[in-house]
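One structure is given below, represented as structure tokens, and several questions about it will come after.
In order of appearance the chains are A, B, C and D, and numbering begins at 1 in each one.
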């Protein structure tokens, strides 16, 4: 499965890019995070405390247990600070 | 009902006037505006990052829920992104309802959701450093009342 | 900090803009505006009577209490009296504080007190009758939360 | 004692005047109301349900038990409907 993965705020800065295309067979968001973290230290560092990370699937807030089946766009970011 | 996400500044007074003029069936209009506050006098600027596409979806969903829940006559959300200076207006919401309780509740609901559920991230700059603004526990807690 | 009681109309947009511009130390600005609402489509006008002297005293006291209680950076109350037409703006309040919770609470406090403790009386006119608006129990009850 | 007595809204309309000067020896607001009500039907009618009447002494909200000693201006009016 081919996913567009987006990073925002300090996750974008730590990983060093705003978006990338990822080939994965991970079944869930947690599986994708494990794959990415295994790649390089910058990913492992960014994902080291998942309590500080939020995820959106196809632009809807979701969680790490969610399945990736049918998903096209995954975004990782810190807790939001709008308003 | 309108949602605008934009880099450019907006004219708060003109937006307030136009909103009230367009809500003549209402008895109560509430507006909230958020400004870049310089706590320690050391802030040189702010940068707001957002998630194009999701931002508009999230704001439209939040606004739609407020309109339904409080039977609003009208609602407005404007939120800037990009570089901002101390004193700049970051965003505003406006609500119009028959009575004041509904207009106030809807405006506070919109703000509570905007704070924690709309994909914006603030970075503050001083002369020698840049820090992402941390989400506050009390902002997350504020959501529980709705 | 300002209180204005006047017969003439005021420019809501200009007041909002001037208030926000004068509250640059604040992070949050809330405004409330009350309009003459025509419930049944039959209202031809409204007349607001007030108690000159006591009105200004009561509003200044309410505003002063709000400023102290929520450490406001700025506050404004404008209230009209005399004849008004459907859709006209009756009054507005504005509050500026460091955070949104204080600005919202202070604005709601001001409104709750204005409704039941400031000496204004509204009379509504239709084609064939004139009625003094009755105070609502829920307005009196709203005071108890402060 | 000489008092300025003011009436607002439907109290003003029922009594038929916005203000008057009253000579009284009443000790309290309730005493003043009794004196006025004894004068003429229009006063008795206006004051027939005191739960619907509010009073201010020298422009501060007060109540019917309050003493009039030292007071110069008494105002009667219905519950307020500002905002």
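Just so we're on the same page, contacts are C-beta pairs under 8 Å (C-beta built on N, C-alpha and C of every residue); 3 or more make two chains touch, one makes a residue touch a chain.
Fair warning: this is a prediction, and the values are worked out from it, not measured in the lab.
Distance from the centre of subunit C peaks at A, each centre being the average of the chain's Cα atoms.
Centre-to-centre spacing of subunit A and subunit B amounts to 26 Å, using the average Cα coordinate of each chain. Each chain gets one centre point, the mean of its Cα atoms, and the points for subunit B and subunit D are 48 Å apart.
Chain centres here are Cα averages; for subunit B and subunit C they lie 23 Å apart. Within subunit B, the positions touching two or more other chains are listed as 34, 100, 111.
Annotation for subunit D: residues 83 touch two or more other chains.
With chains as nodes and touching pairs as edges, the resulting graph is an open line. In this structure, the chains touch in the following pairs: A-B, B-C, C-D.
Within the complex, the subunit A residues that touch subunit B are 6, 8-10, 12, 56, 59-61, 75, 77-83.
Chain contact summary for the complex, subunit B toward subunit A: residues 34, 49, 51, 53-54, 57-58, 79, 90-91, 111, 114-123, 132-135, 140.
Chain contact summary for the complex, subunit B toward subunit C: residues 11-18, 20, 23-37, 86-87, 89, 98, 100-101, 103-104, 107-108, 111, 142.
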